[in-house]
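Alright, structures below, take your time with them.
Common to both upcoming complexes is chain A, partnered first by chain B, then by chain C.
What follows is the complex of A and B.
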């Protein structure tokens, strides 16, 4: 009886020390779940999810304070990826936040721009170039299509244009859509 | 012919060649077109940048676009004339989309720019040779269009043991390399000498499929007359599709396997196409840039099939008219061969550097059939020359599980079409793999872009934070300064009555 108590106490002591050591030695900095979620978000920083950017939204999801269906730019694909990561059921996009649209790019009508710098201040990724009373322009490669530059513009000179497909960005169409039609058990939609 | 022991590759197919039809006549010159349309991207890599403007007069062989970046080459005017447009034109591409092209209205004089032939290559360094080849706009003419000058640069970490000249031409119907070897074997050897010099290779193998006895004989004859070309053998490889694919050919010739995600250079091997070799010879020895290529025009509905030396940019319908072609709307109209080629969207598209064959109508074309469900027979895996599992890839590509397709080495697929060919259910397997490849590449690109956006956003936030802190710091300093002056004044005021008394 006494041996058993001593043995268990010793075991608990040793294991407790090991666990204590491990928790110090292998301490994880930051929030790994939020990081993983942030990686899946499109980084448009548009705020349509009602959070001020992708990172705050990721943190809210990680904390269980926000749903996974609040990102219109990411759309269905992002929701599925998030559901897969968090092992929850995927659900349709919350239409309170907006609708999934094809990818667009902001283009400034340079004849109408008055050089007020308001759009520059609004751009979350510093993709607009210009200075006071000088024409502004969008760095097309950096624009995420978040539309945040539209409301501040006093002369309404920014348009969102759909990005055109060229032979380099073209994708082979999904053959499953034109494929198997008769008596198919595996692939019928 | 040195018959050393040859290796082999898994899978593959014995296909009917259909090459007889287009090898009856010698190579002919295609007529000069009134208009030449030159896409700025006829190679893998970045598109060239135009260096001419609309209205400029250009001479045959004049540079009209410069290389943009490392993986890029120059583009030249194939004939003399006037630049009439620089705009988007339909290009030969599976998408049928348009891209930026330079259009030249030819003047019929075909006047050359001054050429600078090199009589003795040993006066140039390897680097200079490579630059000349780049400036001559030479890319792999076998079909892929990779800039050749890069493949002639082993770099400091590699040593090239074997150079393989690829004259296999394994795909049915195509005969442009066959005819080139039969008729211009000496020209090919001229190019080979330059490549051997640039790469400092030890051995060279000229690999030709054994269904081309005339080409083998011509190359051996030419080789025998060139005592200065050493350690070079012509090797007949057994006819089996796709023996002409780079990795498979290396397996046949050397018995070595190029590792997944590796390059032939890792094994000390470099592979170049016969047509490319010839073009390099012309570029250095004659100073002629790549402005034309040999195109096979063949198929059931071509009345005068053959091989035609065609200026780049020549609209295909002119070439087809020259061959007396009766193209019907529902005929297969393919650029490349029946296995790896793709359907063209129309016949006004220009001939480009990579256009080896135009196929109009096939002999044994099966009627288009609806794909049936996969019965898991496993024939595709047996036919795959890259030892992949097409059936697994198919399931995952179909389910759009891109990560899984990567686990099954999707990107090692060479898109040879063997699996689709043997599939009893007629499932377009290669189409699925191409779909999965472009989806994966788009996804990777998007991830890259969103990573950049995240960094830019974080930088912006930290900059704002810094600005805020600086502002607060300035305010604090100002407050302190204000307080200090106030205190000093008070002190002064407190002291002044006393000092006044003293006075």
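What follows is the complex of A and C.
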């Protein structure tokens, strides 16, 4: 009985040492903090935070140049996740960036569209299809609801439609955004 | 020499770990959707299986038997396998970040791949020596990788095939696996 306990303990000790040595020897630079922040952001690329996209905003947060409360599409959930990650106090959304709105979707009124391609150039996620003098349309699955296509449209043919999550449109969180090592922290949005 | 060749052929074809012994079915089903992941998984499993059958042989021979504590075999084997997998994960993370990303969760899941523990226990059961254990582990892993890659290639074709609705997805995959297993029964009798 005692031999068994001692043998297993020694085995554990030796294997532990091997692993400890390996983790030092094969150390990999961990995820830079900007990557982790970028993963928490909603990737709407809307620019409401005054940065030209989610990635630059993440880098600014990582560098300490921007506050964590400048992301209206992400809303409270994102702010809380960021506060959790960076171990700072969560604070309410910054008014100058906008207000939290339910997720919307751009819809082009196809009768009024003149095919000017201005909205295509404005779309940060290439969710608008069409060519010059031809009617455009929005790929619903790709649209992030950032509203950047509204100002350039000369005939105001784009409307924002509220989308409610129903059993047909609900999707599992993107698996790439779930960090296995630290648990399901990033999956909860 | 012929004996070692026989072990290899036997483990790769005749007693294929997945299709004949039905071990390691979860990665077989889980990682076989894309050819690249299947290859990566096959490589990682080959590495782990060979290393773990060698180390569990040594644990068994130099620790458990001399101290007369063979009843701790399963737990100490699992122990060793977990460490080998962790070690592999560290090495893969360092040497090939792309493979690390492709394998993702499946890398730590090799720990629970029953083929790994199965091979270690089969080695003990059949009284294999050092080289035999290593070859048995290696052969089993090669067999595993081979059927995984074949299966992944088939599933890539099935994905674009016109499968009747009730058979789509997992159903047709399982049927395919069953047919493959039957095909591998043709090897029975190749080696005594």
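To be clear about the criterion, the second predicted complex is superposed on the first by the 133 of 189 C-alpha atoms of A that agree within 3 Å, B and C clash if a C-alpha of one lies under 4 Å from a C-alpha of the other, contacts with A are read in each partner's own complex, and residues count from 1 in each chain.
To be clear about the criterion, a residue touches a chain if its C-beta (ideal position, glycine included) is under 8 Å from a C-beta of that chain, and two chains touch if they have at least 3 such contacts.
Bear in mind the structure is a predicted one, so any value in this text is a computation, not a measurement.
Of the two partner chains, chain B is the only one that A:166 touches; chain C does not reach it.
Contacts of A:124 after superposition: chain B is touched, whereas chain C is not reached. When both complexes are overlaid on chain A, the residue A:28 reaches chain C alone and has no touch with chain B. Within the superposed three-chain arrangement, the count of touched residues of chain A is higher for B, of the candidates chain B and chain C. In the superposed model, A:18 makes contact with chain C only, not with chain B.
In the three-chain superposition model, chain A touches both chain B and chain C at residues 180.
Here chain C touches chain A in the complex through residues 59, 63-64, 67-69, 71-72, 75-76, 79-80, 83, 86-87, 90-91, 93-94, 97, 104-105, 108, going by the rule given at the top. Residues 3-4, 7-8, 11-12, 15, 18-19, 22-23, 26-28, 180 of chain A touch chain C in their complex. Across the complex, chain B is touched by residues 38, 41-45, 53-55, 124-127, 142, 144, 165-176, 179-187 of chain A. Here chain B touches chain A in the complex through residues 41, 91, 93-95, 97, 99, 370-374, 398, 400, 427-428, 431-432, 434-435, 437-439, 442, 446, 449-454, 456-460, going by the rule given at the top.
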